[in-house]
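Paired with chain B in one complex and with chain C in the other, chain A is shared by the two complexes that follow.
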Partner chain A sequence: MRQENMRRLISVASLVILALVFGFTSNGFFTATNILSILRECGITGIIAIGVSFVIITAGIDLSTGAAVGFVSMLCANLLYNYALPAGLIMLISILAGTVCGVLNGFIVTKLRVPEFIATLSTQYLFRSMVFVFAIREMGVITNKKITDPGILIMGGSINGIYLVTITFLVLAVIGQIILKKTKLGTYIYATGANRKSADLSGINTDKVRWTVFIITGFLCGIASIFEIGRIGSATTDLGTGLEFEVIAAVVIGGCAFSGGRGDIFGTTVGAIFMAVLQNGILKYNLPTAAQLIIKGVVIVIMIIFDSVYNQYMQKKIHEKANEEANEGVQTAGGEA
Partner chain B sequence: MSALLEMKEIEKSFNGSPVLKKVNFSVEPGEVHALMGENGAGKSTLIKILTGIYPKDGGQIYWNGEPVTVDNRKDAQALGIGVIYQELSLIPTLTVMQNVMLGKEQSKFGFVNARKMKKKVTELIEKYGFNVKADEVVETLTIAQRQTVEILKALSEESRLIIMDEPTASLSAKESDALFGIIEQLRKDGVSVIYISHRLEEVYRLSDRLTVLRDGVREAVLTKEQIIPGDVVRLMIGKELSEATASNSLRKSDAPVRLKVNGLTKKGVFHDISFEIHEGEIVGFAGLVGAGRTEVMRCIYGADSYDSGTVEFEGETLAKQITKNIRTGFGFVPEDRRNQGFTPLLSIEKNVALTNYDTLAKSGFVKAAAEKKLGVEMVDKLAIKPGDSQIPVGNLSGGNQQKAVLAKWLSRDLKLLIVDEPTAGIDIGAKDEIYKILESLAENGTSVIMVSSDLQELLRVSQRIIVMRKGGIFTEFSSGRITQEDVLMAESGILTKEGKADE
Partner chain C sequence: MKKKIVSLFLVGAMAATMLMGCGGVKTDSEAAAGDSGEETAEAAEGKNAYSDEIKIGFLPNVIGDSCAAAWAEGMEGYLSNFSNVTFNVFDGKASVDTENTIMEQMINEKYDAIILQATDAAGLAASTDKAEAAGIPVITCNLDADTTHTGLVAGVDVEAGQQIAEHIGETLGGTGKVVIISATPGATKGENIDKGFKAVMEEKYSGIEILDEQSGEWLTENANTVMNDFLTKYPEIDAVLCHNDAMAEGAAEAAKAAGREMQIWGVDGESKMLDYIEQGLCTGTVYTDCQRQGAACAQFAMYAVGSGITAKNLSATPIVKMAPIVVTQENLSEITEDMRW
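Here is the complex of A and B:
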């Protein structure tokens, strides 16, 4: 079996096991309502995770996504409250603002040559500060105002019980997978992450590739923000805090390697669902918050350790197999000498 | 007779010292032309000028009789010159097809036409009978198969000339044979090959013509009938030099055995390595690139693991752990100085201290005064310039950097020092100093293993020379006077002088 398929099988298997554990130990896990609710919960993480998968496959990282969602959501809430702009325009602005965040990240990384980690850590601060710039104030005090525009609120809704965010996520995931596997850009994303020097030598503009994946991530943050405010019906200053880690965890659990060149959107989708199942299942136990966080943390750490161990094991096996094949001739080499 | 490639009176200097002196070189269509010469003879400079990596100082390149300029790799590619690099440049997680077509995908609106590309690549594979499939992932392939992917890449670019630089360095005998088959096919197809190798028997077997370079001068061009291995070696080294640099009399030591290696094997890398090193002895390890010398030394030191065999140190089985071995009295000066030898941003003093914290620190706290004292002491002892132990090692010259690396070990009570290519890239004055350091170490009872590709150096410093070849020990020179020719022939698998073959 090809390593890619093997890794996929493992992602799916761990998701199934996790679901079974919750199914048998808690009440009301395997009900239609709960499953639809899980699929709703994974939507926002999943949409952003598609972009972050691209970034991680190019051997990069984006730590600014949570703050970008916070900023874009607040900007939209502000415009709705102060100017009552129509919903369509708000959505356009949301996507544009998200994209601008991605353009900025890509610019800092590829043009100013700042390493991804530090670049997006700084823009995380910048975007979070923008949240406070656009926060709605009454007499100088930040106030949380309800969004009343039905066009926005409908984005938090569902059709026949299936939430719009779920549908959007799955459609975008399919598109993402097609981009990775069927287009030139996809091949270049893998090539950039697996061996950038060699990709450069093959005439690929790897800076352009790296900038593009940041822009895609920003664009997706914009889309995610629409669903975020549609669902909550308001924007708080801490909206999106920690979301970037949820996203990165989903991507890594799904099989994208930090070293680049490995993983796909199928895996990321599984990873996003895994994160939502974990969150949903833990809540069913009625545990104190600390215990919930501990379980969640421990499971994520185990998954990530497993991923690392598995990758090392596979590398070793591949190496051994290659050596073995090469060595069928070694005896003759010795004899000749 | 119209040559495919002609390079006329090519000149090149680095920092005022000439590397190529009016070199002429030509390749016919469908010809396998070997390019030979010692390290530093100018082979790779000539190739780098041909592929546009270096600009030339003088001379002219002709392609199919037309004068051309090659300013970068793209120019070379456009002419039809492909290069198979020593360190392979493929994308490990992509398939053979994706690698071959990388950067020149057949696509419409950004969507790649996988079927069309696969057909094209499969046709090429079948035409040449290569042992790979278009949709295999490159990281699952052997080194030899990856090389064929590189060749495929060159062929898909319609290359008329393929340059192979030491292509068999990491191949087994069977794989090498397969490669020779491919080269044969290329020749039949009218594709020319420039073949750079140190392995005489390969060159002898493959090439239609052979050009020998020595010190930047074209020494000879031989046709197939004129190639006699002994003559080629003599041309590469030069007669006078060979006599002048012959070894002092080699000798066996009767001091007690310090290191005893028995049947050491690491599958696919080296096999059945056995030798002994005595106290106060300097033993040279000769061999071509890929012979497995560095790999053996890394295993003995504890940096890598091996599959079978034993290593005994003063009668006791050696730990496979670097930390323990250092405590036992091991020192290791690696080949890749900048990445493995020292920490460039740290001062000489701190670099020296790194291997000495067992005595320089107490309950985790560094004794600053002792650390400083040791740094100053070592700078004085080895005459590291400039004489300031606070200077970051990265700012020193190559020779002084290497002295700083030696200082890390010489500051300890050393029983066995392994040095790998100790003077690579170091100027002559500093080389001499390093030889003196090694010699004085040996006089004081430390055993020294010196892996080197510099024949003059091996002959000058070693008391015995062990020659490795294709992962095994080929022979050992342990008596009498020998010359560079003798070592070079042994490295290539030709034995003229006494010396017992191991198998």
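Here is the complex of A and C:
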């Protein structure tokens, strides 16, 4: 079996085992409503994780996604409250604002040569501060207002129980996988992450690739924001706080390596569902908060350690196989001589 | 290549838009109302409070503060009288997202009543609607949800701000300088305390100047830092309003370290604050009997479960108000040991 397929199988098996553990040890886990609810919960994380997977495959990181969602959501809520713009226009603005966040990240990273970690940590603060700039105020005091536009609220809705955010996530995941596996950009993303210098030498404009993946992430943050405000029916100043870590955890659990060049959107989708199952299952135990956090942390750490050990093992096997082939080549060459 | 990528994503966006446009899309509360036809009817009849299995969940903003602990204690104290009631406490982690997720889970698990301290009034309105539509009464505790629901047991916030403003205004004789250490921006309780305080100041004590207002994010250590900054910036401060007791304690420590004297006010009435008042480090607080408030929430929830009342029977949210008690050194002894939390 190819290494890639083996890794996918392991991801899916981990998810199934986790679901079975919760299914047999808690009440009401394997009900249709709960499963649809899990798929809803992973929607927003999953949509952003598609973009962040691209970034991580290029060996980058994006810590600003949660704040970008907070900023875009607040901007939309503000425009809805103060100007009563139509829902379609709000959605367009949301996607544009998210994309602008991505453009800015890409610019700082590729043009100003700031490392991704520092650049996106800084923009995280910048976007979070924009949340307060656009927050709705009454008598100088921040006041969160209910969104009443049905065109926006419907985005938090469902068709026959399946939430729109789930459908959109799955559609975007398929598109993301096609981009990674079937387009030139996908090849360039892998090449940039696997070895940027070699990619540069082979004529790939790696700066352009890195900028593009940040723009895609921003674009997806814009889409996620629409679903966020649609579901909550408001935008609050803490919206999206900590979301970036959920997203990164989903991406890494799904098999994308921080070192770059490895992973895909299939894995990320499994990772996003894994995170939602974990959250949902833990809540069913009614454990104290500390215990919940410990379980969540331990499971994530185990998954990441496993990924690292598995990666090292596979690398070793590849090297062994390469050495064997090289030795066979030498022997054959010797025999012929 | 760019065109291909953009078109792929646009196809996705269009597909999603078409799905929305083709009707059959229901919002959360519409779906919940549709799904719970039978349950709603059953809920309307109510359950037997002594014999039926009843499950009640409490979802506070955060579980780690003394207020939430006192509420939970009050609820548990009352509900422990009913052997048929299961009571679970969750942690909202001061996050609208988390609270919405837990609300959804409680709805899926068919809880009989939910007691909610809404991190954000507007942000929890949709899930409150969904719960009510599914026949689950929602009782909010202190921090309300911005929609009609079964009930609210309100502590004091606007009134607390008003009463502190009255005390400061009177004791300073209508002139002086005040600073405010506020809650996390956007927090409803903080906003309401501010509203009450500023309205009285503007209306009655225009000679009192509010020098500055910075967020201490509900935390003692942050308030201490903010207060240190105020003390270096302003040579004259007559009074400090903090949106909770924890921050007032931090401000008091900063003022004590700087050797400066001024009035320091908090809101809540937790036991540590009462000690600070006793020692003269803080001036006063607006006390709420949180255990009693918790018990009132639980009683309200049991009443709703027993009667089958939900939002569909109501035109506005019924409110139970807790009494605001201004505590200073003068009346500290009125808050007896058993009332402290």
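Here is the rule we go by: the second predicted complex is superposed on the first by the 327 of 337 C-alpha atoms of A that agree within 3 Å, B and C clash if a C-alpha of one lies under 4 Å from a C-alpha of the other, contacts with A are read in each partner's own complex, and residues count from 1 in each chain.
Convention: contacts are C-beta pairs under 8 Å (C-beta built on N, C-alpha and C of every residue); 3 or more make two chains touch, one makes a residue touch a chain.
Being a predicted model, the structure only gives us computed values, none of them experimental.
> Looking at A:2, would you say it contacts chain B, chain C, both, or neither? Reply first, second, both or neither.
A:2 sits against chain B, while chain C stays out of touch.
> Considering only touches as defined above, state whether A:184 meets chain B (first), chain C (second), both or neither.
both
> Based on the superposed arrangement, let me know which partner A:321 touches: chain B (first), chain C (second), both, or neither?
After superposing on A, A:321 lies in contact with chain B but is clear of chain C.
> Is A:145 touching anything from chain B or chain C once the two structures are fitted on A? First, second, both or neither.
After superposition on chain A, A:145 lies in contact with chain C alone.
> For the three-chain arrangement built by superposition, which of chain B and chain C touches the greater number of chain A residues?
The partner with more contacted residues on chain A is C.
> Would you sort A:161 into first (chain B), second (chain C), both or neither based on which partner it touches?
Second partner only, chain C.
> What is the contact status of A:197 with respect to chain B (first) and chain C (second): first, second, both, or neither?
first
> May I ask you to decide whether A:261 touches chain B, chain C, both, or neither, giving the answer as first, second, both or neither?
first
> Which partner chains sit in contact with A:90 here, chain B, chain C, both or neither? Use first/second/both/neither.
In the superposed model, A:90 contacts neither chain B nor chain C.
> Residue overlap on chain A between the chain B contact set and the chain C contact set?
183-185
> Once bound in the complex, which stretches of chain A touch chain C?
27-28, 31, 33-34, 37, 40-41, 95, 132, 135, 139, 141-147, 150, 153-161, 164, 167-168, 171-172, 175, 178-179, 183-185, 212, 216, 219, 223, 231-243, 279-280, 283-284, 286, 288-289, 292
> Per the contact definition, I'd like the list of chain A residues that touch chain B in the complex.
Contact set of chain A toward chain B: 2-4, 182-185, 187, 190-191, 193-195, 197-199, 201-204, 261-262, 318, 321-330, 332-337.
> For the complex, which residues does chain B have touching chain A?
Contacts found on chain B: 73-74, 89-94, 98, 102-105, 107, 110-112, 114, 137, 139-144, 171-175, 177, 267-268, 271-272, 469-472, 474, 493, 501-503.
> Write out the stretch or stretches of chain C touching chain A in their complex.
The touching residues are 1-2, 4-5, 8-9, 11-13, 15-16, 19-20, 24-28, 30-31, 35, 63-64, 88-91, 93-97, 100-102, 104-105, 108-109, 119-123, 125-126, 146-147, 184-186, 188, 191, 194-195, 198.
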